[in-house]
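Each of the next two complexes has subunit A plus one other chain: subunit B in the first, subunit C in the second.
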Partner chain A sequence: MRLFAQLSALGSSAMLLLALIPLWRHTVRAYARAFTWQSLTLAGLTALTAYFSGDAELYAVAALLLGLKVVVIPRLLARMDRRFGSEIQPYLNATTSVLTAGVLVLFAYIVAEPLLLASRLPTRGGIPLALGLIFVSLLIIVSRKRALTQVIGFLMLENGIALLAVLAAYGVPLVVEIGVFMDALMGFLVMQIFVYQIHETFESLDVEQLSRLKD
Partner chain B sequence: MTATAWLAAVQTLLAVGLAPGLAGVVRRLKARLQGRIGPPIGQPYRELRKLLQKEPLVAHHASWLFRATPFIVFATTVAVAALVPLLAVGLPIYAVGDLIVVVYLLLAGTFFLALAGLDPGSPFGGMGASREMTIAALAEPVIGVAIFALALTADSTNLGRIAARMLAHPATAVSPGHLLAFAALFIVTLAETGRLPVDNPSTHLELTMIHEAMLLEYSGRYLALLEWAADIKLFVFFALLANLFVPWGLAVTLTPLALAVALGALALKLGVLALALALLETRVAKLRLFRVPELLSVSFVLALLAVTASLLGR
Partner chain C sequence: MIFLWLLSPPLAAALAGLALPVRPARLVNVVLALVPAGAAVVLWQRALAGVPTVWPAGAFLRADALSTILALCIAFVGALVAWFGPGAGREDGYQPAQIRRFTALSNVFTFTMLGAVVVNNVGVMWVAIEATTIVSALLIPLVMSKASVEASWKYIVICSVGIALAFVGTVLAYFDFVNLAGPLGGALNWTVLLAAAPRLHADVIRLAFVFLLIGYGTKAGLSPMHTWLPDAHAEAPAPLSAMMSGTLLAVALYAIARWKMVVDAAGQEAFANGLLLTIGLLTVAIATFSLVLQRSFKRMLAYSSIEHTGLTCLGLALGPLGIFAALLHLVNHSVAKSTAFVLAGRVQHRYHTTEFTRVTGLLATMPQTAAAFAAGLVALLGLPPFGLFVSELALFRAGFATGHPWATGVVLTLVVIAFVSILGHLAGMLYGPPSEGVSHGEPDRWMLLPVLIPVAILLVLGLSLPSSLSGLLARGVEVFGR
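== the complex of A and B ==
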C-alpha cells in the first residue's frame, strides 16, 4: 500500500509537470505532445489503481483512456495543427503564466488540506496535485488566445477531473465513466467543428476577434 | 590519519581526477549521437596537459584579481568536491559543510570568474560576465528552494545525512517533492555548468557565448585551471543529482566490498546522467538569451512546488 501511495503521488506530479509544459512552450505540437504523455500517465495510474484496489472495471476505463486520449484525440489534434499552423499567442508571457501556475498549485494544496485530513485512502497524497492540475488547465484555457490551445486546455482539465475521480474515489462507476468519455469526445468534436468554422470565417484562430464581432 | 580521512581524500582526488574524463565521455557520446566519431575520451586530459605546459599571457591592464581568479575558482570547486558524498555516507568531512555551503562556494567561484571577465576590459569579457550574473541571480533562488525540499524530508541540510536518510527510507525517493526538486535542479545544472539550452560549451565564435566569453582572455595554465574547474563543477553537480536523489550503491559501512560497489554504482549513475545530457544536447537548440529567464522561472516554480509538496504533502 505504501508503494501504491508513492506511485500514485509520483504519477500525479508527473501529470502536473506535463500540464506546466504548455505554459512556456510556443508551439501547438508541444501542447499536443504534453497532452498525449499526460493521458498516457493517467491511463497508467488508472490501471495501477485497478491493480491495487482489485476493481476490474477500472482496467476497462484505462483501456478506454488509452484508445481515446492517447491515440484518437492526439491524431485529430495533429491534423488540426497541420491545417492551421503552429504559432500561439498567449495573453500572459511565459514567466508570468508559469509563476501564476505555481501560485495556483500552492492554493490547491491549501484548499485540499481538509480533504487530506478527512481521507484515509493511500492515494490521498495526489489529491492536491489533481486539484492543482485542474487549476492550471483552467489557467491554460483563459490565458491563451487561439481556439486550438484552449481546446487542449479543456482536454487537460478533463484529465485533471478524471485524475481526481481515480485518486479520491477509485474511479466512478463504469457507466458514468463511459458517459464522461463520450461527453469529452463529443465536446472535442463540437469544438473541432467550431475551430474549423472560426478559421473559415476569420482566417485566424484568435478568439479575440470573436468579441469584436459587435463593432 | 584515520581511515575515514583517507577515504575523504581519495574521494576528492577521484572527483578531481575523473572530472575531465566525464567531460570527455559527454563529448564522445554527443559526437556519436550526432553521427560523428568524436574525440577520444582522454582528449580533455591531453588538452589540460598541453595548456599546463604553455606560458600564460596576461593583458597589461589586468590586476591581481585576474591572476588570482583561476586559483580561487579551482580551490572552491575542489573544496566542494570534497564535501559531496561520492562513495560513502557518514564521513566526518560532511560535517564541515552542508548543502548551503556547497552552493555558495560554487557561487563564490562564479562571482570571481565574472569579476575576472570584467577585469581586463575586453568587451566580450564584460558581456559574458553580465550574462553569467543574470543567470546566476536567477538560478540561485532555485537551488536554494530546491535544497529546502530535500532538507525538509531529511530534517537536515547535511549532504551525507540526506543521502543516508533516503537509504533508510527508500520510499521518500519517489515522493512528488523529490521528483520536482530533481527536475528543478537538473535545469539549474544545465544553466550553472553552461550546457546547451542555456550556453553552448563547444563554441568560441558566437556572440551568444556566456562561460567562454569570460575565459577569452585566459591562456596557458590559468586557462587549464579554469577548464579543469568547469569539468569538476559538472562532475560535482552530476554527483549531487546522482547521490542525493538516487543514493543506492553508496557505502554505508567502510568495507572494501561496499566501497567497490559504491564505485561501480557511481560510474553507472554518472554514465546514465552523461547519456541523458548528451541526448538532451543533441535534441535541443540553444535558447535565445531572452528566453533563458523563462526556462529558469519554470525551474523556480518546480522548486517551489517541490517545497510545497514536501511541506504540506507529508
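== the complex of A and C ==
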C-alpha cells in the first residue's frame, strides 16, 4: 500500500506538471502532446488503482480512457492543428501564468484540507494535486485567446475531475462513468463543430473577435 | 410503465422529425408532445397521494412531487414549442432542413430534461443535464451568423465548465459517502444519499455544495455566472429560447434544490441558506440593472429570466413558505416566459429585428400577437390578476416571516425598478406609429389560438390556486423534509 500511495502521488504530480506546459508553450501541438501524455498517465493510474483495490470495473474505465483520450481525441486535435495553427500571445504572459498557477496549487492545498482529514485511502496524498489540476485547467481556459486551446484546457479540466474521482473514491459507479464518457465525447465533437464554424464565419479562431454581443 | 409514456414520445418525435416530410412531421410532433403531458398529469395524481413513482425495483427512475412539478413544466413547454416551433408561422422563413433539425434536436432536448428530473441517481442526473447543454448548443446557430456562432460558443464553453464544476461537487459528496459506508450499490441515489447525510462530514459537504452551486448555478443563470445567458437567449431561435428560459433554468434549479436537501440533512442548513440568499440577491440586482439598459426585447426577456431565477433561488432559502412560493413561482415563470418568447419570435419575424427603437405600433400591425404578448409580459411583471403576483407576494411574506426584512426590502425595490423599465419598453413596442415597411394583419390567426391556454393558466393561478396544484406544491415542500 505504501508503494500504491507513492505511485499515485507521483502520477498525480506528473499530471499537474503536464498541465503547466500550455502556460509557456504556444503551439497547439505542444498543448495536444501534453494532453495526450496526461491522459496516458491518468489511464495508467486508473489501471493501477484497479490492481491495488481489486475493483475490476476500473480496468474497463482505464481502457475507455486509453481509447478515447489517448487515441481518438488526440487524432482529432492533430487534424484541427494542421488546419488552424497555433495560439497567439495569450492574455497572460508565461511568467504571470506560472506564478498564478503556483498560487492556485497552494489554494488547492487549503481547499483540500477537510478532504485529507476525512479520507483514509492510501491515494489521498494526490487529492490536492487533482484539485490543483482542476484550477490550473480553469486558468488555461480563461487566459487563452483561441477556441482550440480553450478546448484543450477543457479536456484537461475533465482529466482533473477524473483524477479526483479515482484518488478520492476509486472512481464513480460504472453507469455514471459511462455516461460521463459519452458526454465527454459528444461535448468534444460539438465543440469541434463550433471550432470549424468559428473559423468559417470569422476566418480566425481568435476569440477576441467574439465580442460583438454586448448589452 | 408511466415513465415509458413520459420519456419515449420525445425520442419518437425526434425520429419522426428526421424521417418524415415537414408537414406530417409537424402533426406527429404535436400529437406526441401531448403524451408526456398526459403522463405528467398521471404522475401528478400519484404525487398527490404522497407516494413516489418508482421503476424498476432498483429505483433507477423515481418521480416524487418535486420531479412531477418539473415534469409538468417541461411537458407543457415541449407541447407549446411543438405547436409554435419553426414552420408554424407562414412568415418565419425557416428552410425545411432547419425545421427538421429543430424538430429532432428540440425533442432530444426535452428528453434529456425530462430524464434529468426523473432519474434517482445524482451522477446520471448530471450526465443528463450536461447532455442538455450539448444538444441545445447545436440549436442556437440554427440560422448561421457571426452573432449566433459567438453566442453558442460562449454558451457551450461557460456551461460545460460550470457543469464540470458541478461534477467536482458530486464527486466530493460521493467520496465522503463511500468513505463512511463503503462502495455500496446505488450510493449515488438520492434516497440513499439523503438517508446517509446526517453522518457526512460537515466540511466536506459544505465544500461540495459550493462547487455544486457554482456549477448548476452557471446553468441556471445565477450571477455572476450568468454571462452566457442573454447572448444565448437573444441569438437562439425564439422557440429554443422559450425552452431554455421556461424549463432549462428550472431544471438546473431543481438540481440545486435536490443537493440543498442533502446539505440540510447533513445539518448545514444555515450555510446553504446563506449562500442561496447571497447569490439570489446578487442575481436579482444584476438582472434588474441590466434590464434598465436593454435595447432588444429578446435580451430584455433573457434578463427577466435571470431576475426570476434569482427570486426562485431566494425562495429556496426562506423556509417552508419560501419553498412553496419558489415552486409556485417556478411554475408561473415557466408558463409565462415560454409564451412570451414564442410570441417574441413572431414579432421578430415580422419586424426582422429585436431592437426596441425599430419595433413600434405592434397593436396596429399584429393585434392578436400584441395582446397575448402584452398579457405575458404583464404576468411576468408580477401584476394581478396573473399567477406571478401571488407567488411573488408569498415570496416577500416568507422573507419577512423568516427574519430577513432588509434583504426582502432590497429585493422589493429591485423588483419595482425592473417593473418600471419593462413596462416602459412594452409601452414603446405596443403603441406609436407602426414601423415603416412592416405589413399589417395576422394571416394565420387560428394558429395563435392555443396561446389562450397559457394565458388562462396564468389567470387561474392568479385568481385562485386550485387545490390540486397547491396540494402538489405542498407535497413538493414535504420532499424538502418539512
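Keep this in mind: the second predicted complex is superposed on the first by the 210 of 215 C-alpha atoms of A that agree within 3 Å, B and C clash if a C-alpha of one lies under 4 Å from a C-alpha of the other, contacts with A are read in each partner's own complex, and residues count from 1 in each chain.
What we mean here is this: a contact is a pair of C-beta atoms (placed from the backbone, for glycine too) under 8 Å apart; a residue touches a chain by one contact, two chains touch by 3 or more.
Note that the structure is predicted; figures quoted are calculated from it, not measured.
Partners subunit B and subunit C fit side by side in the overlay (superposition on subunit A). Once the two complexes are laid over each other on the shared chain, residue contacts for A:A63 go to neither subunit B nor subunit C. In the superposed model, A:V72 makes contact with neither subunit B nor subunit C. Annotation: apex subunit A, arms to subunit B and subunit C, angle 150° (C-alpha centres, rounded to a multiple of 10). Residue contacts after overlaying the shared chain place A:Q6 against subunit B, while subunit C stays out of touching range. Of the two partner chains placed around the shared chain by superposition, subunit B is the only one that A:L106 touches, whereas subunit C remains out of contact.
Contacts of A:L129 after superposition: subunit B is touched, whereas subunit C is not reached.
The partner of subunit A that touches more of its residues, comparing subunit B with subunit C, is C.
Closest approach of subunit B to subunit C, taken over C-alpha atoms in the A-based superposition, is 18 Å. Subunit C contributes residues 121, 123-124, 126-127, 130-131, 133-134, 137-138, 141, 144-147, 149-154, 156-157, 160-161, 164, 167-168, 170-172, 174-176, 178-179, 183, 185, 187-188, 201, 203-204, 207, 230-231, 234-235, 290, 293-295, 299 to its touches with subunit A in the complex.
On subunit B, the positions that touch subunit A within their shared complex are 171, 174-176, 179-180, 183, 291, 293-295, 297-298, 300-302, 304-305, 308-309, 312-313. Across the complex, subunit A meets subunit C through its residues 55, 111, 114-115, 117-121, 134, 138, 141, 147, 150, 154, 157-158, 161, 164-165, 168-170, 172-173, 175-176, 179-180, 182-183, 186-187, 190-191, 193-194, 197-198, 201-202, 207, 210-213, 215. On subunit A, the positions that touch subunit B within their shared complex are 2-3, 6-7, 9-10, 12-14, 16-17, 20, 23-24, 93-95, 98-99, 101-102, 105-106, 109-110, 113, 125-126, 128-129.
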